[in-house]
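Each of the next two complexes has subunit A plus one more chain, namely subunit B in the first and subunit C in the second.
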Partner chain A sequence: MRLDLRRYAKPLAESALSVLIGVAVGTLLVILAGYSPVVFFKALFGGAFRSRNAFLDTLSYMVPLTLTAISFAVAARASVFNIGAEGQMYIGALVANAIGVMALPNGAHQVVAILAAFLAGGLWGWIAGILKAKRQVNEVVSTIMLNWLAFYLVNYVATYHLYDPKAPYKTEYVRETARLPELIPRTSLTLDWVLTILIAFLMFFLVWKTSLGYEIRATGINPTAAEYGGVDPSKVISISMFLSGGAGGLAGAFLVLGRFGFITTTLTNILNWGFDGIAVSLVGRNHPIGILFSALFFALLYNGALEVQVATATGGKTGVPIELVLAVMGIIVIAVAVPGLWDMVQERLLLRRKRVEVRGEAAGTVGGE
Partner chain B sequence: MAEYAIEMRGMVKIYPGGTVALKGVDFAVREGEIHGLLGENGAGKTTLMEILYGTRSPTEGEIFVRGRRVEIRSPRDAMALGIGMVHQHFTLIPVFTALENVVLGDEPVRSAGLLDVQAARARVEELMDQTGLHVPLDEPVENLSTGERQRIEILKMLYRNADILILDEPTAVLTPLETKELFAFLKRMRGEGKTIVFITHKLREVKAITDRVTVLRKGEVVGTVDTAEVSMEELARMMVGREVLFELEKKPREPEEPKLIVEDLWVRGEGGDYAVKGVSFEVRGGEIFGIAGVEGNGQTELVEAITGLRLPDRGRVLLAGEDVTGARPHHLYARGLGHIPEDRHRRGIILEFTVAENSILGLQRLPPFMNKWGVLQESVVRDWARKVVERFEIDTPGIDAPASALSGGNQQKLIVGREIMKDPKVVVAAQPTRGLDVAATEYIRRTLLRMRDEGRAVLLVSADLDEVLMLSDRVGVMYEGELMGVVRPEEVTLEEIGMMMGGVRLEDIKSGGAKAEAESTGG
Partner chain C sequence: MSKGQLIGILVVLIVIVAGVWYATRPKAPATPAPTTPAPTTAAPTTTAPPQTTAPPKKVKVAVMFDIGGRGDLGFNDMAWMGAERAKKDFGVEVTYVQPRSEADYIPRLRELAGSGEYDLIIGVGFLLTDAIHQVAQEYPNQYFAIVDSLTPDPNVRGILFKENEGSALVGILAAYVTENNKVGVVLGMEIPVLYHFEAGFYWGVNYVENKTGKDVQIIYKYTGSFIDRALGKQVSEGMLAQGADVLYNVAGLTGLGVLDAVHDFNVQHGKEFGPPFAIGVDSCQDWMYPGHVIASMMKRVDNGVYYAIRDVVYGNFTGGIAAYGIKEGGVGISGLEELQAFMQIAQEMGTELPDAPENIVAKWQQMRAMYPEEVWNTIEEVKQKIISGEIQVPTTDSPEEIQAIRQRYGVGVLGG
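Let's look at the complex of A and B:
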C-alpha cells in the first residue's frame, strides 16, 4: 500500500525507450518527406517552450487530457473499458454552458456549474455501467453508442436552444460570473489547472486509500474473490462508471468555463479530447500521477505540432504539412502506449484464462515449484 | 538396452529471482518401472520434470535417455524422444471434441491439407481399445468430467508414441473410483513395457503403485528406495525430515446449542438444475460437522448458498439463531461467519494484492479498518496483517509483498488466519487442505480442531475422506444433491461410507437390502 519508487522505475524506463523508438521511426518518415529531422523534432519537442504564452498554453492543454485520462483510468481499475469519456465530456460541456448563461453570483456560479457537469457526466457514464452490471452489455459498444447520442444531443441543444443570436455557429458565452479566474492574467491558464492536479491526487487517494477504491481494485483484478469479500461487483462497476463519467464531465465543464467560454454548435472546439485521454491514460499506466506526466507530454506534442509547421518553412519552401506532423506524433504515441496496452491485454487474457481454468476444473491450484 | 530409461545428473535450477529450485539432483528411472517422485510442495518435483519435458531449461546438468546424452529444449524434443507429460492443469481446448484434442498438433492430413477425420478416429479408437482408456470422442471437452479429461491428456501423449510418461499429481483431481481405474491402467502400461514417473505427495499412493521412489526435499534428493522395502512412516520422515503425526489428538467435547442450521435447502447449479435437493442439518458449537462425498455432488453449491454467494430457491439458513437465508456475504461476516473457500485463487485471495490488503478481504468496510469517511486506516490494517502473519506463522517476505509471492500453503494460511482472526461463531471450511504439503495440512487441521475446542461450529466440506473422518464429530455424505445419511466416524465402516458415496441411503444399508447393494457402485 506504500508508494514504492522502485515500482515506477520499470514503466519510466519503458516509456523513455518507447519515445526513442517513436522518434527513430518518425525520423525516417521526416527524411523521406525531405525535411530536416533536427529542425522537425527541435520544434516538436521544443515548440512548447518558445514563449511564455506557448508554455502556459501547453500547461492548460493538460486539463482536458488529464481529466479524460482519469475518466478512462478509474473505470479501467475496475476492469471496465470506458471509451465514453468523449461523450461524457460533451454532456459536461453542455450542462456547464447552460448553467453558465444563467444569472448566479460569482463563486457560487462556478461551483454550481462544475458540480452539475460532474453529475451529468457521471449519469451518462453510469448508464453504461448499469447496463454492464445488470444486463451484461459490453461497455465498449454501449459507450461508443452513448458518444454518438451525446454528440447529437449537444449538437441539437446548442443549435436550437443555447445558440448565440449574434453568432449562431456557437453557443452563448457563459457569463463572467461563471468563468474560472485566470491564474496568470491574459493567458489561457485558469484555475481549472490547479483543480485538475487536485483531482488527480484525489483519484490516487480514492483508489488506494479508501474502502471503495479497495473494492474497485479487487473487482477489477478478481471479481469472484471480490464477491467473496463482501463486494457487490455490479454496484462497484456502476459506481466506478459514475465517477469515470464525472471526470469526463469535468473535462467538458473546464473547457467551457476556463479556456473557451462557449462550444460551437458542431462541437469542433472540444472534439476528440476524450479519445486522446485513452492514450494519455495508457501511457500513464492508468495511474493518476503517471497520467499527469503523460498529459504534460501530450500537451507538449500538441503545442509543438503548431511550431513544426512554422519552423520547417524556410525560404520559399512551405512548412511540413500538418498530416506529416500528426503521423509522426501518432507513431510516437503508439510506441509509448504499447507497454501499457500490452500490460492491459495481458491482464485481460490472464483473467480470461483464470476463468476458463476455474470453470473447467474444480481442482485446487498449487503454486509452481 | 541401457539399464536406465532416463538419467538426470547434477541438475541445478536457479530461477531468475534467485530462488534455487534444484541443488544438484541425480535422478534415474529404470526401463519399465513405475517410479514415484515424492516431496512436499516446493521440493522441486515439478521443476525437475518440467526440465525433462523441455518446458524449463536447467541452469546446469545433463540428461541421458536410454544411455544417450540429449538436449531437450522444448516439449517437441521430449516428444521425439518418447517422453510425454500430463500436467496438473490440463491443456485441453474446451470447445474442441475429445478426438480433436487428442490429435491436435499431430493430425493425419489428406493430400489437400484436409484433416483426415476417419484416419484420426481409427487410430484413436485403436489406442482406446489397447489401453482401456475410453472417452466419448465426439463430445466437446467442456462437457466432460475431470477424470475423462485426464484420460484425454494421457491418450494425447500415447497418440504421439510416448513410452515414458510423466504424471504430475494425477490423483489430485480424481475421485476414489477414478483413482483406482488410473492405477489399474498404469499397471497395464507397465506390463507393456512403458516407463512411468509418478509425481505425488501422497504416501499411500506411493505404496500402492510405485516400484521405486525418489524423495526430494528442498531441491535435494533424500534418497531413492525400493518401495516394498520402506514403510509409510519412513517415507514421511524422508519427505518432511521429521515425524508426521497421522493421528491428531481429538479431545472429547460436549457439543453446545446449534449455531448453524440448514433446513430443506434447494439450490440450483450453473446449468439451472437443482444441485442441492432438500438438504437439512445443524452444526453445534464445539462440533465439526463434515460433509463427505465425491466431488460435484452439490457440495460447492451448498457451501455457496450458506455463505451468501448463491441464492437458494427454497429452504432456510440460520446463523446463530438468526434467519440469514439469501443474505449477502458482508452481512454474514458481520454476524459471525468465517469462510475458507474451496478455490483459494478464485475466491479466497487476490494474488496481485499485498499480504496486508488480502488480510482484510471481507473486512474492508468494517471498523476499525475503515473510518466513517470510508478511508482505510492504514496503520490498523498493517498491525492486523502483522498479527495474522505472526500468529499463523506465514512465511512471507513481508506484509507488503504480493500474495503471489507466497507458496500455496502460506496463501492458505493467510486465508485461514484472516477468517479465524475475525473471531467467527461459525466457520465454513471447503477443501481447506487441498494441494497443500504435509506440514501445512497438519497445521490447518489442528487449527480447525482448535476452533472446535473453542466452542465454534465448524462445517467441513472435503473430498479427502481421511480428512473428514479424522476431524469430524459427525459426517454427512452427499450424493447428487442429497444427504445419504449422517453418521459418527467411530461408528461407521469405510464400506458403509463408500456405499453412501455411491448413492445408497444409510437406512437402506442398515436394513441390508440386497437391492441396495446391487445398486451400489462403491466408493
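Let's look at the complex of A and C:
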C-alpha cells in the first residue's frame, strides 16, 4: 500500500509542478497582453465551478477526450504510437450517424449504433496494426495517412449520401430512438458520460487483469522478450490497434448520438478531439485512471477558455481574445505533457540500449567461439 | 532529480508567481480598448433610431461568434464593428465570446442566458441556428438575435440580408467586365444564405446578357469551408486556369484566398490591373489588392447588429425577421466612400494597408475608370429600380430551387 502511494505520488507531484511552470510562463504572456493574470487564471481554472450546470457541461467534454485518450493509451501500452484516433473517430461518427437515421426500436437502436461504430473504428485501427505487424509499416505514417483517408471518406459520404436535403451542409439528424438520453435536463451531460467512465475501468481491467493485457504490456516493454515468452507480437499489435480504433470509434459515436445528432459535411463539429486525446493520454501517463483525471483537467480548461473571455470583459474593456487563451492553454498542456512524454522516450531509449547490449554480448560469444 | 532540487525549483516558482502577481496588482490593468472610428460614412440609416427622452439604462450585450471567428476582414469583423459602434454610441457593455469548438455552442449559450446578466445575446452566423433555437426555447424571457438565420421563437430576431439584391449589382458588373465571357463564384459551406448570393449574381449576369447580347458562362464551386484561405486560393486557381476572369468571393475567410489567387495570377502575368478581377464580399475589400478587386458586395452585418442593440437600448426590440436590403442599407456595391471608410477601419484595427491610402484610392479610381459610364449607370439604374420595387431579384432558401435556378442560367460546377 505504501509502495502504491509512492508510485502515484511521483506523477502527481510532477504534474502539479508542470501546471505551475505552465501557469508561470502563461502569466508572462497574459501580462504582456495587458490583462490581469489573477482574473485570467481564476476564470481559466475556476470557470467550470461557476454554477452547477456549468460544471455538468464541463464534465460532458470528458467523453470524447477520455475515449480518444484511451485509444492512444491502449496502443501505447503495446508500444505502438497511434495518432489515428482522429480518423477512427470520424469513421465511428459516420457509422453511428448512418445507423442512427435508420428505423430501429429505442434501446436496440443505440446499442446497434454504438457497437457498429466500435467495430468500424476498430477495423480502421486494425489496418494500421496489421500493416505494422506483417509489413513493419511505421504506424505514425500509416495512421496519419488513414486520418486523411477517413476525413475524405466521411466528407464524401456525408456530402453525397447522408446529407440532409433540407440543409445540405450537414448530415441528417439521427432519429430520437438513437439519441442517448440526457442525464440531467438542460445540460450536455448524456448517458455516454457514464458509459465512458465504465469503458475507462474496462480498459484498466483488460490491460492489467487479463492475460491479453499482460501480453500487450509485455510486448510494449520488450517485444523480443515477449516473443521468447510465447507471445505473438504481431497478434498483440493488431489486437491492441483494433481496441484502440474501437475506442476512437466510440468517441465519434458518442459525439453524434449523445451531443450533436449530426455531423457537418466538412466534419467541423467533430474535428480535433482525436488529437486532443493524445495530450490527454500523455498527461494521464497512458493509464485509464490517470486519463480520467487528465480528461477532467482538460475539460476544465475548455470551459475556462470561454469563461476567460467573459470574465476579462469588464468596464467597457474587450475581453481576452481566444487566440491568447489558447496559447496559454497550449503552454500549460505542453508543460504538463512533458513528464509523461519524457518517461515514454526514456523507456524506449533504455530498451534500445538494452537490445544493443544483448546483441553485443551475443556477438561476443560467437566471436569467442 | 533530488528532493532538494525539487523543493528549490518549487520555491523559485512560487516567488516568481507571487512577484508577478504583486507587480501587476496595484495598477488597474489598463489596455486601451480598441477604438472604432466614428461612423463617418457608415450606416446609411434609412431606419432612423427611434427617439425617446428617457436616458437609456446600462445595457449588457453578449456577442457569440461561430468557430470561424474574428479576423476574416469580413462577416465576423463586421459584426464586431457594429457592436463596437453601439458600445460607443449607447454606452452599452459588450462581451465577446469566441467558442473553441462547436461543442461549446449550446453549453455557453445556456451559461450566458442562465446568468440573467445580458439584455441581448447575439449569435453571429448561420451555424449557430440550432443552438440558439434550443436555448431560446429554454429561456423564453431572454432576447436573442442571430445573424443570417431565423428561428420560430418569438424572443429571437433573425437578422437577414437581401444578399440577392447586392449580388445582382456585382453580377451586372462581372458580366460587363469579363473579357473571356466566363465568370466564377467561389462559395463556402452550402447553407441557404449562400443561395441568395448565387441567385442574385446569376440574375445580374443574365440581365447584362439580355441587354447587350453577350453570352457569359458561369461556374461555381462550394469549398465546404469558411475558414480555409489556402483552399479558397486553390479553387480559384482552378477557375482562373479554366479562363474565368471575374471571381466572386462568397466564402468568408476562405474567400480571401480568391483575392490572393487573382492578385498572384496578375502579378505572374505582369499585369498591374485585372482582369482577372476578384469581387469582394461583406466588407469593402477593394483596398486589399488595389487594382485587382473591382468591387465588393457589401453586406452590412455591422448595421444589423447595431440596430438590434439600439432597439434593445430603446426598449423596442422585437423578435421575428428583420431583413435588410439595398433600401434599408443592408447590402450594396462598394463605392469611393466605403473604400475610404473601410481603409480607415482596417488601419484602426491594426491591419497594415498594402500602400498609402491616397495611392490606393488613386489606383482604385484608375481601375474603375477603365470601364465606361454605361456600366456604372446600368448598375445605378438597377439599384434604383430595386429600391422602388420595380425590379425584384429572385432568391431562394431551398436546395431544389437553387438547382433549378442554376439550370435556368446554365451555371456549371467547377470540375463537374
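In this section, the second predicted complex is superposed on the first by the 359 of 369 C-alpha atoms of A that agree within 3 Å, B and C clash if a C-alpha of one lies under 4 Å from a C-alpha of the other, contacts with A are read in each partner's own complex, and residues count from 1 in each chain.
Heads up, the rule we're going with is that contacts are C-beta pairs under 8 Å (C-beta built on N, C-alpha and C of every residue); 3 or more make two chains touch, one makes a residue touch a chain.
Note that the coordinates shown come from a computational prediction; the quantities given were computed from them, not determined experimentally.
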item: Subunit B versus subunit C as contact partner of A:G230, first or second or both or neither; value: first
item: Which of subunit B and subunit C A:S36 touches, first, second, both or neither; value: second
item: Touched partner set for A:S211, first subunit B, second subunit C, both or neither; value: first
item: First, second, both or neither for A:A313, with subunit B first and subunit C second; value: second
item: Touched partner set for A:I221, first subunit B, second subunit C, both or neither; value: first
item: Partner touching more residues of subunit A, whether subunit B or subunit C; value: C
item: Which superposed partner A:I184 touches (first subunit B, second subunit C, both, neither); value: neither
item: Residues of subunit A at both interfaces, subunit B in one complex, subunit C in the other; value: none
item: Partner subunit C, residues of subunit A touching it in the complex; value: 13, 17, 20-21, 23-24, 27-28, 31, 33-38, 50-51, 53-54, 57-58, 60-61, 64, 155, 159, 165-169, 186-188, 255, 259-260, 264-266, 268-269, 271-273, 302-303, 305-306, 309-310, 313, 316-319, 321-322, 326
item: Subunit A contact footprint on subunit B (complex, rising order); value: 21, 41-47, 88-90, 92, 94, 142, 146, 149, 169, 172-173, 295-296, 300, 307, 309, 328-331, 333, 339, 341-354, 356-357, 360-362, 364-365, 369-370, 374-376, 378, 381-382, 400, 406-408, 411, 431, 434-436
item: Footprint of subunit B on subunit A - complex, ascending; value: 1-2, 4, 209-212, 214-215, 217-218, 221-222, 224-232, 354, 356-369
item: Subunit A contact footprint on subunit C (complex, rising order); value: 6, 9-10, 13-14, 16-17, 20-21, 23-25, 29-31, 33-34, 62, 67, 69-70, 87, 93-104, 106-108, 110-112, 114, 127, 138, 189-192, 224-225, 399
